[in-house]
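Below are two complexes that have subunit A in common, paired first with subunit B and then with subunit C.
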Partner chain A sequence: METLNYRFENGTRKLSAKAELVGVVSSGNLEVLIEPADLQGGCAVEIKTAARGFGAIWEAVIGDFNKRWQLADTRISINDMGATPAVVSLRLDQAVEAMVEEK
Partner chain B sequence: MTVKTSSYLEANARERIALVLDAGSFEEFLPPSKRIVSPHLAQLDAPVSFDDGVVVGRGSLNGAKVFAAAQEGGFMGGAVGEVHGAKLVGLLKRAVQEQAEGVILLLETGGVRLHEANAGLIAVSEVMRAVLDTRAAGIPVIVLVGGSNGCFGGMGIVARCANAIIMSEEGRLAMSGPEVIETANGVEEFDSRDRALVWRTTGGKHRYLLGDCQGIVADDTEAFRAAASRTLQAFKGNPTGLTLQALEAEQAMLEQRIARFGDAADPQDIWERLGVEQAQQIPMLEAAPFVALVEAHRVKGTP
Partner chain C sequence: MPVATPADHVWNRRQTNRNERLARAGSVLGNSLEGKLLPSARIADLLYAVIESGDRVCLEGNNQKQADFLSKALAGLDPARVHDLHMLFSVLALPEHLDVFEKGIASKLDFSFSGPQAGRLAKLASAGKLNIGAIHTYLELFGRYFVDLTPRVALVAAQAADRHGNLYTGPNTEDTPAIAEATAFSSGIVIAQVNEIVDVLPRIDIPADWVSFVTKAPTPHYIEPLFTRDPAQISEIQVLMAMMAIKGIYAEYGVQRLNHGIGFDTAAIELILPTYAESLGLRGKICKHWALNPHPALIPAIEAGFVESVHSFGSELGMEDYIRARPDVFFVGPDGSMRSNRAFSQTAGHYACDMFIGSTLQIDLQGNSSTATLGRIAGFGGAPNMGADARGRRHASPAWLKAGQQARAGKNAIPRGQKLVVQTVETFREHMQPAFVDKLDAWQLAEQANMPIPPVMIYGDDVTHILTEEGIANLLLCRTEEEREQAIRGVAGYTPVGLARDKRMVENLRDRGIIRRAEDMGIDKRLATRDLLAAKNMKDLVRASGGLYNPPKRFRNW
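Right, the complex of A and B next:
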């Protein structure tokens, strides 16, 4: 397993809804837990992945995600079992959309 | 959560529980944000899941106060680890404490999570005990089986400890899974890659014909929901506890079954002996015409 942490500051979009979990920890898939957290406007992402050595790709995928949503005060926690970058992006968007819907 | 699918098989555990219970009624205990994960998997450097592969909580089913659990077949095949099992046991105990009208278990599992060895085995046996305690408290326990991983191993036994099982044709229920039988007894005995044989032997239709499940429905969340509600209503005011009399009747039914069908080489031989006309057509039938065709012939097990 490998643990990766990212943090982005000065987000503009706040999610106030309750925590949501999307996806499943199965082969080529991942679960994304998204929840509001007091992070001084920041967005923190923690990834625990079974596939070691893909830090550069994660950084790019999470960076793109941050550009799309600019989340503030949000904690995102991921358990990954070798999902491809496209699946990761899809699940991240699904997680945010699930929270926006709940509002 | 918006869910558009209607196939029970295709839905994940969270989607199923949301669709089977009354819309918006489900309140989860120990939600993923609590991060109650398996301590054993981390030691093995294996991925964990924030709900340890099972969703448990309270809700309503056509207005009836029910407690419900849904196993996630995608996470380690729905296998029961220490935390996963403890969540099921806690749910059943709380259902007794809060005098629920019923417990609905959406099972999809290969049985015990072997990574967790004895802790997993003990967890499964504790779930069995909790199911029987719940029944003894006058609360019916109803099991739904319709996921692609089926319901096997120790959890197959748990399912048969419940008051009633509702399956789809796609659902499977057994003790040993196909690969286990092939490994232990050879491919001549059972070819686990022969999917038609696997479903003829462990699928919902065969289980219904043999009296191992009490209801069979189409692969549809609404059909499962309706059948679960009907079954729950049927238990209202009726005893739910396991009795010696019921156990003896079950034993007699099993003895009769092995005497009648013990030498049959294929489930289709059994269907023919049951007197079902055009038994070879059974795998092709939808749930409703299948029930109509076999109702007079099937073995009716004691609930």
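Right, the complex of A and C next:
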């Protein structure tokens, strides 16, 4: 188990008040919880992953996600069971698109 | 002055030799032979009588039906009596196919595909137990059967024979006509194993005068359900990629005639035709004519009216009744059962289709792709014929012309079309193995097995599009080697190859439409869920077929 933390500042997009939970904790998959939080405009991402040694890839995946959405005051918690970057990006995008829509 | 052939030159050595073999069989088997029919218990005696050491022997291993009784019999021979055979296989599928090398009965091998035996084949090759002539495409191997690899003896499989030796192959005709013709018309010996001997055949697929001997095998020949994909295994990423394929390629080029590779990526495309493609108004505009095995995953699209015709390389277990009930779509005989033919369907896939789409295991920076990975000599089967521009093609179609225009724009070249060859891969395979690599494993494999060229499935200069979860790279529009490399890196995701992209150049390629992301194509990623699949499991496929599809037991969980 490895825990990774990332924080981005100066986001421009706030999400709906309702938290969104997507995905499942099963092999090759992950669970993502996205919730609004007072983070002075920042976006905090915490990843608990079963697969060690992929920090550089996580950093790139989460960095690109931040570039796409520029979220502000958002907390993202990820429970990963060895999902591929493709699955991670799709889950994150699906969750955020649903929250942007609801707003 | 030309040297004349001596007057005493013998011109019928092969015929004489065949007659000697037949005479040996007649004297050894005597009354056991009823015309061409032989009791299965005497099969070893027959093989000793008609096979000579050093012979080229074609053993019918297909994608579907297998001459398994004959292959076991061959592997059971005494290497002291029969040895140094040169084996020819379309598909090296069964353990017995390799046992003949392990036991020293055979020493040389030419083949097309060896998926299930890939690991053991690599071991035997490196142990010096066999000498691989070449890994062929199917058409190439069939072609050589008529040029320099003509079999002396062919061991084939059929569903039934009559008492004269006519053969009915059933829906899995596959390679039998090509093998039997090459052997029978070069004074060779054709031996068939059949499941039953009947008075009147439903139809005749191979005429009796091509066949030397027939034996009823103790058990029906094995058939592999190679093309059945359980929709329950399809992932959301595969749905997303299928959406991009349909909107970004099929609709874009108006692809009417095509071949799909084997695998879940293409099964996902088949299963969202009635949902996603229908919602885009594409019925009647794409996917009308197919060179394809009867994939169960295609049933919902057929039922939805997308598909006009399907010609098949072989059949698929459980699809018999469904095919029989859809004779406008499939090629069936007067008896109602399907007639497949690998040689003709491969020809159709090469010359008469505008697109091939399939998956692979590794792609390099030039777009070369290979399924050969370290320790596995898997061969390629039909993919190289489908996944290659047909340089001999002369008829035009809108999809072919558009691809050709994109490739030739701005060049001083005579108008000509091009086949769309699409490689669809997730950037990471299982266990986080990157699908994009700087150098294919094929190079190392070639070195280890002493091959003259690395075993490449589809050459980069034939690939027109690479589709990953990150988007589509249209290689037709690239104008320099550098652009091409960056277009490939630009869809290679978070693999080391993808991370090493020149970000500015990739953004430039995206602005020019050479790289397109899902959002650039107006694809709503929220739709990329399994709900989009017209069938979500095997039972849904049975339901879609109106109960006509009868899946093999291992795919039933109800």
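We adopt the following convention: the second predicted complex is superposed on the first by the 103 of 103 C-alpha atoms of A that agree within 3 Å, B and C clash if a C-alpha of one lies under 4 Å from a C-alpha of the other, contacts with A are read in each partner's own complex, and residues count from 1 in each chain.
Assume a contact is a pair of C-beta atoms (placed from the backbone, for glycine too) under 8 Å apart; a residue touches a chain by one contact, two chains touch by 3 or more.
Please read these numbers as outputs of a predicted model, since none were measured by experiment.
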Touched partner set for A:Glu35, first subunit B, second subunit C, both or neither: first
Subunit B versus subunit C as contact partner of A:Ala86, first or second or both or neither: second
Subunit B versus subunit C as contact partner of A:Ala98, first or second or both or neither: both
First (subunit B), second (subunit C), both or neither touched by A:Phe54: second
Touching both subunit B and subunit C, residues of subunit A: 98
Of subunit B, residues touching subunit A in the complex: 1-2, 12-14, 31-33, 35, 42, 45-51, 72, 74-75
Subunit C - residues contacting subunit A, complex: 235-237, 240, 426-428, 432, 468-470, 493-494, 499, 524-526, 528-529
Residues of subunit A that touch subunit B when the two form their complex: 1, 19-21, 24-26, 29, 31, 33, 35, 48-50, 77, 79-81, 98, 101
Of subunit A, residues touching subunit C in the complex: 51, 54, 56-57, 60-61, 82, 84-87, 89-90, 93-94, 97-98
